[in-house]
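Chain naming follows the written order as A, B, C, D, E, F, G and H, and within any one chain the residues start at number 1.
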Amino acid sequence: MGSTSDLPVMEAAAKFLNEMKIPFEMNALSAHRTPEKVEEFTRNAHKRGIRVIIAAAGMAAHLPGVIAAMTTIPVIGVPIKASLEGLDAMLAILQMPPGIPVATVAINGAQNAAILAVEILATSDPELHLKMLAFKEELKTKVVKANEELSKVRYEYKVG
Amino acid sequence: MGSTSDLPVMEAAAKFLNEMKIPFEMNALSAHRTPEKVEEFTRNAHKRGIRVIIAAAGMAAHLPGVIAAMTTIPVIGVPIKASLEGLDAMLAILQMPPGIPVATVAINGAQNAAILAVEILATSDPELHLKMLAFKEELKTKVVKANEELSKVRYEYKVG
Amino acid sequence: MGSTSDLPVMEAAAKFLNEMKIPFEMNALSAHRTPEKVEEFTRNAHKRGIRVIIAAAGMAAHLPGVIAAMTTIPVIGVPIKASLEGLDAMLAILQMPPGIPVATVAINGAQNAAILAVEILATSDPELHLKMLAFKEELKTKVVKANEELSKVRYEYKVG
Amino acid sequence: MGSTSDLPVMEAAAKFLNEMKIPFEMNALSAHRTPEKVEEFTRNAHKRGIRVIIAAAGMAAHLPGVIAAMTTIPVIGVPIKASLEGLDAMLAILQMPPGIPVATVAINGAQNAAILAVEILATSDPELHLKMLAFKEELKTKVVKANEELSKVRYEYKVG
Amino acid sequence: MGSTSDLPVMEAAAKFLNEMKIPFEMNALSAHRTPEKVEEFTRNAHKRGIRVIIAAAGMAAHLPGVIAAMTTIPVIGVPIKASLEGLDAMLAILQMPPGIPVATVAINGAQNAAILAVEILATSDPELHLKMLAFKEELKTKVVKANEELSKVRYEYKVG
Amino acid sequence: MGSTSDLPVMEAAAKFLNEMKIPFEMNALSAHRTPEKVEEFTRNAHKRGIRVIIAAAGMAAHLPGVIAAMTTIPVIGVPIKASLEGLDAMLAILQMPPGIPVATVAINGAQNAAILAVEILATSDPELHLKMLAFKEELKTKVVKANEELSKVRYEYKVG
Amino acid sequence: MGSTSDLPVMEAAAKFLNEMKIPFEMNALSAHRTPEKVEEFTRNAHKRGIRVIIAAAGMAAHLPGVIAAMTTIPVIGVPIKASLEGLDAMLAILQMPPGIPVATVAINGAQNAAILAVEILATSDPELHLKMLAFKEELKTKVVKANEELSKVRYEYKVG
Amino acid sequence: MGSTSDLPVMEAAAKFLNEMKIPFEMNALSAHRTPEKVEEFTRNAHKRGIRVIIAAAGMAAHLPGVIAAMTTIPVIGVPIKASLEGLDAMLAILQMPPGIPVATVAINGAQNAAILAVEILATSDPELHLKMLAFKEELKTKVVKANEELSKVRYEYKVG
């Protein structure tokens, strides 16, 4: 992440990876304040065994693109809502020029970034694939339960 | 893709996959006009050996999200510019709710979608990883050459 | 609705239908988390006697369009304000491609969705039509009363 | 429609209604230039047997809302793209205040407006309902055919 | 104004007119809920001696345009911020088609609407013109005083 | 106007004023390039008998606001579409701070600016008021005639 | 700044200049309410030894552009967030026409405006250049420390 | 510039610097395709005597911010219009986080970037300052001449 102020948002990603038992590390690396650290981290990522990178940043959010420029590891970008409802970060991450993609998720979409990261790892890990199928079932169960709660809401003419 | 009218944009993806010698298929499947076909395709994708899906759509672009809802295979979304400068498709693909990510790339970013797909495959394929490093070098070469052309532009006070 | 978190907004629709004595049911069905439930609900809607569907969703709001894709029953879409001031949900519901319309109402416009539903039912129900005329008169009365309150606001040079 | 300059867009609606053999009339009525004509038309619509109204307008598009204010017949609004990519018309039609809904369709979505109108009429007309089901099948056929065309596009590594 | 909920914003207009000793009246007239009252008010405005009309409305703000359609009295429009930061009301008031202008002021710009109204009246009232010049001087005085306060803010290297 | 490049748009204003036989002058005065000329023009406007000012500008359109800052004559602002669909000019003219209103019309709304100017002059000129009523009737006639043309458009099921 | 209400934002600029021991002055000068004061200040700025001007304003933010029109001293513009998330001020400052640039920084970016001002002064002041290099090092240290804090966040599968 | 495709826009900058007889160099350096070249250029810029940097880029325009991250030389950013009317590039350049400013000019504002660069150099170069004053006079002359052309436009009621 570009700053520890992004931590409250990004915790959702850490939590999901932890639940899925995926080893991960967390770093605060600013594309603008510590460009050398970003470069050092990115240049060494592949040989250190890192297979997916999630990069979160707000405002003129350059971190995901700057990392993607220096690696061929898939980079997932999370636009952080810090100004203009997050629209600036969204465009600064999404609208990458031809050659250097960033896999962008929703504004403040930290959990989705982690899910996408696990989906990527699961493309070559059948066990993880099964875990993801189970996670998907769980999502359904929650909505089904929510639907049951709705059946308890009472109106005279409500029939379902 | 949601419609064959997206083909002129999506050709860039096919071309890149072909260059990288990645076997791929192309389908026109509309989330709104052929929902059963979309479901059939998506439900069978994993067992048919499909490892990454690129879904392109314009306007209220539901195709990528609808596919992502029915699989845990990574889904890459390409917003097609058909109205409102592509802003509607971008938001309809990117702003997915928690649980169901779509890896969104730039508006009309077909080539980047293909590059991202190959990066994902390369996470478990060292040979493909090397190919991607070579591709990245090529990108540099083009810019370096472009820079050389700039040196030929003449102005009296231009020194570089 | 796509999630029970939409209930505080959608209550206004339930309340209006109840006042108009229109039998209705409420469901939480997520286009992304429970696509099969959405399909099951929509495929059976016509034979179960459902004549209008109101679908509410936020962010990349696919629910109304996904339902509209599988039925010819009129579908009314309510964009829920969850991010970007509701702009993302609005575009994801409104900008449907040719062939599959969604009758979109204002952001968080739950009551208007219900009024529109009753207007549709009233096209073939003269009694309901009379009820709607009465409702419209009531709306006027409220504004006329509000105007009377304004006449009590005092300024030295205010004459009306 | 608010102006005959909207005719090239609105022809798609006329064509669809004609194909479905739905009797219809076309009027140019400006909320701003001929408010009396708009009022006369709307006040008499119900007794003249009009059951659905499609209103199209661009810029500060008041026509749909102004008509909806004077009737309980369902009003379908079509934002015409005349400036600001149609965003102004879209908001001026969609964002109606509580009490007076307009069933808004996509920018320049004339055909969808007509389809929605027929869907509304079909709620009380089983024969029309069957016609709409047939229309929906046709939409599918077109996409299926388009998909077949895609199978003819050749790339060395393309397999589908 | 379209609704008494606009009163907290519009009070600034009333207050300014009162200070300038301009006789005025206040009405709640909804373009959508009481179209007949709007018409009655507007058709009679000129003969009742009304020389400028200020119309405020939010969301799909039709009131100013609907009034302007039925009179040649100058109509000043105030977009009320009720949704989308006021952007919807702003476009629905400002983007009037050729032939029917509305003199639009800033979002929630009630005081400016009143100032503009007095400027219009002052075009044929030399005494009022002098009053407006005095008001303008007062505005300056406030900024000059604010500047003096700034001189009291202390920093070691601040020199002015 | 801020630049003679605005002339093709602003001609519509000149034409309308000419038709109404209102004496007027045209100036190219840039708030940014000739601030002294703008000041000279504005400071002398009232004593030279100018009663309404129409100011047009594009991009960061300061001209209307800068003129309004130096006079109490009503200033009508015309946002010229030069970039960002005219959105920048619109906001730079409309969103004036409390104390200094600009009567803003639609993007490129030159004719409407002239109509508004005449409406303002007509507040104290009964003859001009009659002319404006006649102009308004003419607008109606055009729409009525357009409606007649629509009656000539033929479809088998078209009845009106 | 255009108003003392901008002071809470602009304090960050004053603080930075003070830390860097750059003599500065603060003024509240409104382009709209005190145009003469703005002119007086700007016309005398160069001869008074002012080398860089920071101008902050909100809404239709004309102050930076109006100052830039009357001087060749570099003018740095700070859009103040007062309405529309600061978008109006941003466009009104940034989108200057050819000939009169304003060096615009982020919405509410007061500290960045001051940093930019010092960078400009440092182009001809080697000592100041060294101070800026030290400041940049400090920025890094903060991020590095933040990164260390992240290492203390505990998850079972977190490894870095 | 980020790509030679930006050259047609950026020529205006080169031309102005040449006219002002300011030695300059032009480079195509992509933040995403040649990050090492960008770093090499930026790290050596100060010792090579570069005193101002103009960086132009489109889409997710990272080049100006990435350069600013590695130097304390003032960096002027030019958003290039390549998609979304240039809005994405504008936000990606302007909305820099605290600590690392980019002096942003208008979309495609290449000439203004060059003028700003010369203004910066002129802060310590009295001769250049005089040149800039002369340039400013020239701008005025053009508008004054344009105004004279306007006086030749004929309308019966035009008096100025």
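What we mean here is this: contacts are C-beta pairs under 8 Å (C-beta built on N, C-alpha and C of every residue); 3 or more make two chains touch, one makes a residue touch a chain.
Just so we're clear, the structure is a prediction, and the values are computed from it rather than from any experiment.
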Which chains does chain D share as contact partners with chain E?
-> C, F
What chain lies farthest away from chain B once each centre is taken as the mean of the Cα atoms?
-> E
Quick one: report the Å distance separating chain A from chain H, using the average Cα coordinate of each chain.
-> 36
Chain centre separation in whole Å, for chain C relative to chain A (CA means) | 33
Inter-chain centre distance, chain B versus chain F - centres from mean C-alpha coordinates, in Å | 47
Residue numbers in chain D touching 2 or more other chains?
-> 3, 30, 33, 59-60, 83-85, 87, 94-97, 99-100, 102, 106-107, 139
Name the touching chain pairs, please: which are they?
-> A-B, A-C, A-G, A-H, B-C, B-D, B-H, C-D, C-E, D-E, D-F, E-F, E-G, F-G, F-H, G-H
Can you list the chain G residues touching chain H in their complex?
-> 12, 46, 51-52, 72-74, 76, 90, 94-107, 109, 111-113, 115-116, 119-124, 129, 132-133, 135-136, 139
Would you tell me which residues of chain H are touching chain F in their complex?
-> 85-87, 106-108, 139-140, 142-144, 146-147, 149-151, 153, 155-160
In the complex, chain H residues that touch chain B = 3-4, 7, 14-15, 17-18, 21-30, 33-34, 37, 59-60, 83-85
Where on chain E is chain D touching in the complex?
-> 2-3, 30-33, 35, 39, 58-62, 65-66, 68-70, 83-84, 87-88, 91-97, 99-100
